[in-house]
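Next up: some structures, all given as structure tokens.
In what follows, chain A forms one complex with chain B and a second complex with chain C.
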Partner chain A sequence: MSRRWIERGFTVFAFAAAGILMAVTMVLTGYLVMKGWNSLGLELVFGTTRPMDALCLRRPVLDGLFPAVAGTFALVALSVSIALPLGIGTGIFMSEFASGALKRMFSLFYDILAGSPSIVVGLFGFSISIFLHRYVSGQLYPCLLISALSLAFLVLPYLIRSTQTALENLPPEVRLTALALGASPVQNLFYVLIPRSLPGILSGVVLSIGRCAEDTAVIMLTGVAASAGLPRSVFGNYEALPFHIYTVSSQYMDSAELATGYGASILLFGVTSSLFLFSFIIKNIATARTAVSGPGL
Partner chain B sequence: MSRMEKIRIDDLSFAYGKRTILNRVEARFMENTITAITGPSGQGKSSFLMVLNRLWETIPGAHVTGRVNIRFDGEFRDIHHRSMPLTRLRRTVGMVFQTPNPLPMSVAGNVAFPLKLAGTGKRKNTEERVEKALSRVHLWDEVKDRLKDDARKLSGGQQQRLCMARALVFEPEILLLDEPASSLDAKAAAGIEDLMLELKNTCTLIVVSHSMDQVRRTADRVLTLESGELHGCESS
Partner chain C sequence: MKPFFFISAVISACVSVCIVLFMIILGLPLFREGLFFSMLTSPWNPSNGVFGLYPMIIGTLGISSLALVFGFPLSLGTAALISGLAPKPLAAVLRKTVQAMTGIPTVVYGFIGVFLLVPLIRNLAGEGSGMCILSSALLLSVLISPTMILTFSDTFDQVPVKTRMAATALGATPVQTFLWVVLPASKKGLVTGLILGMGRAMGDTLIALMISGNAIAVPDSLFSPARTLTAHIALVIASDFDSPEFKTLFACGLVLYGFTALSTLAVRAIDTVFRSES
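Right after this comes the complex of A and B.
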């Protein structure tokens, strides 16, 4: 086969791969919307409770998805808050301070963590909660905090690797600029390296948010419940959209109930999209601020 | 006019990994002169400059032996001695790189950046020093109305002069220039050469250059770095 045909074949394959991916996404989204559209509405979220009463926490929502939406937001916020400093700090360590055998050993650990199935991480979180219940306080059970900690460990590799890669990919002249002007390594890190790496670091944050919002295996073992209501404390049970979708799809009694599962899927899309949008806005603001202002005048 | 020695290099060797870049180099640099370092690519000219402000320490696996003494306040001091503060060394020995590398911040922010790092200067004092540094590189008139603009919007020649202003804001005694005009057009390059000749009155300049025309026009002395050895001659 001539080289020209091989090149042409490869180009067609690349176009086809991108096209198939786009088509699958569209079919998936279209199918969900088609199935769940009729169940969408305020009633799906708030049930028979008036929306203002629910939003102002005056009356509980017993037959809607509002507690699951709030639980998902709380879970994502708590998980990312725990994972963010740890992940970015470790990424900085890997890029700027670790070297030789130590770096290779840490890399191996992070790769093992990245490859761990979420059910295993969930089981680990469940074991932790049993340990805490037995040896720390009999009041401690699987709860929002244990779920958030487990999810934080699940997404740590994304944050570590995105931070490490963003820092390591900076051109040498950028690394040397501030040092040549008398900056200490830590000043160089905070004034130049981290601001220049922010877009890459925040890409890892976006990925982590998506992973925290969609994971079901971890939360099933660590504190989610079908009808816990709104999350009241980090030590209590909570509801979450992915778990609701899982229970409805595995235990539905009629097609109307299944339709609420599709509706919940669309809501979960909405929740993750709004979280993505929020982090993209932060990313763009951070990039713009780094681009023109910086320290000085 | 008799000039005093500014830098003394004795038995200096520099290597990274198993590759020797500088092999027992001996050299003297007089104050208020321009010394050009020439030689084939890949012989370690940039690394030589990085030894003089200890930026070589950022290169993984690099090591240096020998002595580099620089005269500070009338007294020679070994730059690798632990009593030599690195920040003071790098403020006294400024460096400008081959490619203009303004930081992603405003024009004024770039020039004020070393002051910010040092935590020195009130706002008014900072503004004065920024103006002075920009004036020294003949950039003030061109950018005085654009101080808050992104520095990366300046032309290549302006960016390189901005980087020189940034290196000059602490009024260094030695300025290391690594092919400062190689990425610029002829007019901008000529502007940099004029600037080098002006800066010679207050600084000792060591310039890596591949352009023999530039070397002839600017340098008092030419050193050639090849196979780890530095050979020198006075410029014509």
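Right after this comes the complex of A and C.
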């Protein structure tokens, strides 16, 4: 076969591949939106309860997604607040203080953690709860706190890497100016380096929020339940949007319940996509800033 | 301040180590009885007290390699368009769409799969439930494609502009530049992308759990149901704490952890090898 034919064939192949992939993605998302469009609305979340009554916890929502939305919200808030200080602290250490063999070893550990499947991280959370149940208190079972902790472990490597990259990509002028003017390394870190790399760090945080909201495998092993109601304490069970989608797909009773599954899928898809877009915008701001602060600043 | 940062780095590293330690400790009875390695090759036969993971390992490897078979050509073609073959505006749109695809939750893919793909495959097969390795591999290939495409196109973009321009100046068309200049210089990225895609496919739980049928048997055709290691963990966790099935969980976890840790090491090794070459 002559090179020309290979070249022509490859062009056709590339366009076909991209065409197929785009078409499949359109069909998948289009199908979801078409099937679930009608179920969108306040009733999807609040059912027959008045939204204000539900939000003020005056009345329970029995036929809407409100408990699942509240559960996902609590879960994300809790796990991000656990992971944030740890991840950013580690990222700063890796970029500013670590060097040589120690840096290589730590970064290998974080890479392995980043590659661990979420079900394995969930299994780890589950093992922690067995351990606590046996040796600390017989009252402890898989619960919101354990889920949040496991999710925090899951997103930890993302936070570390985005913080580290944001700091390491700062131009040397930015790094050295304050030091040359007599700032201490700690002052330089807090008044110059961290503020300057904030967009990069933030975009990692936003992506982690998305990961926490969508992950299903971790929470199935660590305390999510199908009809737990609103989360009452960090030691109790809770509902969550992704788990609701999973349970509906496997054991829906009627078309109304199926409709909540479509609705929940669109809702979750919407939330993760907007978080994704948001993180993308922040990242663009970050690159624009670095570009402006070229030589001469 | 430095001690605080150091302590957080140590805690983060401990998490990674603790995951494997906890699984080894909780799976210890299996090691003590010398069962661990025989489990990897024996079948699952609870009535005879044999709880082998062989069917699940084959299920995992089968589904994820099949997903790579479907996903690799799609990803290579799309990445080629993004990095050079397509006109700039089209390439930009493609790249944005692919980036946005990484934001689609797995459970949403699974949900759409159950109601859209599974009935299609059921009609195609003409028998069975439609929940089979073909369905889950097809859907997984869509899930892992963005990972591969972005890795591939990043590598293609790393080929120096000077090299590309030299090819263009010699009269090469975009497709010639890509096929005979960019592609041969990107072997490392292609292998890395494949490993990352494989890792993503093996580590995914929800798609396999929702649409692969979950039968514990070694699959013998594209249309037979199978259970993956990840789905097995999710399904068994609900059972009794002291049952023998329960102990197999940690063996599953270890095998999965082993696979993914190996692929991380492989990616790093490739990186070092290629860096020392250039």
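Simple rule for what comes next: the second predicted complex is superposed on the first by the 235 of 297 C-alpha atoms of A that agree within 3 Å, B and C clash if a C-alpha of one lies under 4 Å from a C-alpha of the other, contacts with A are read in each partner's own complex, and residues count from 1 in each chain.
Heads up, the rule we're going with is that a residue touches a chain if its C-beta (ideal position, glycine included) is under 8 Å from a C-beta of that chain, and two chains touch if they have at least 3 such contacts.
All figures in this text were calculated on a predicted structure; none of them were measured in a lab.
Among chain B and chain C, the chain that touches a larger number of residues in chain A is C. In the superposed model, A:246 makes contact with chain C only, not with chain B. Of the two partner chains, chain C is the only one that A:97 touches; chain B does not reach it.
Shared-chain residue A:138: touches no atom of chain B or chain C.
In the superposed model, A:160 lies in contact with chain C only, and not with chain B. Residue contacts after overlaying the shared chain place A:10 against chain C, while chain B stays out of touching range. Of the residues of chain A, not a single one touches chain B in one of the two structures and chain C in the other. Touching chain C in their complex are the following residues of chain A: 6-7, 10-11, 13-18, 20-22, 24-25, 27-29, 31-32, 35, 85-87, 89-90, 92-94, 96-98, 105-106, 108-124, 126-128, 130-131, 153, 156, 160, 186, 189, 210, 214, 216-217, 220-221, 242, 245-246, 248-250, 261-262, 265, 268-269, 272-273, 275-277, 280.
Per the touch definition, chain A reaches chain B in the complex via residues 99, 173-184, 187, 191-192, 195-196, 290-297. Considering their complex, residues 53, 55, 58, 60, 86-88, 90-91, 94-95, 97, 99, 101, 103-106, 108-118, 123, 126-127, 130, 147-150, 166-167, 170 of chain B touch chain A. By the touch criterion given at the top, residues 1-2, 4-9, 11-13, 15-19, 22-23, 26, 73-78, 80-81, 85-86, 94, 97, 99-112, 114-116, 142, 145, 173, 175-176, 178-179, 199, 202-206, 209-210, 230, 233-234, 237, 241, 249-250, 253, 256-257, 260-261, 263-264, 268 of chain C touch chain A in their complex.
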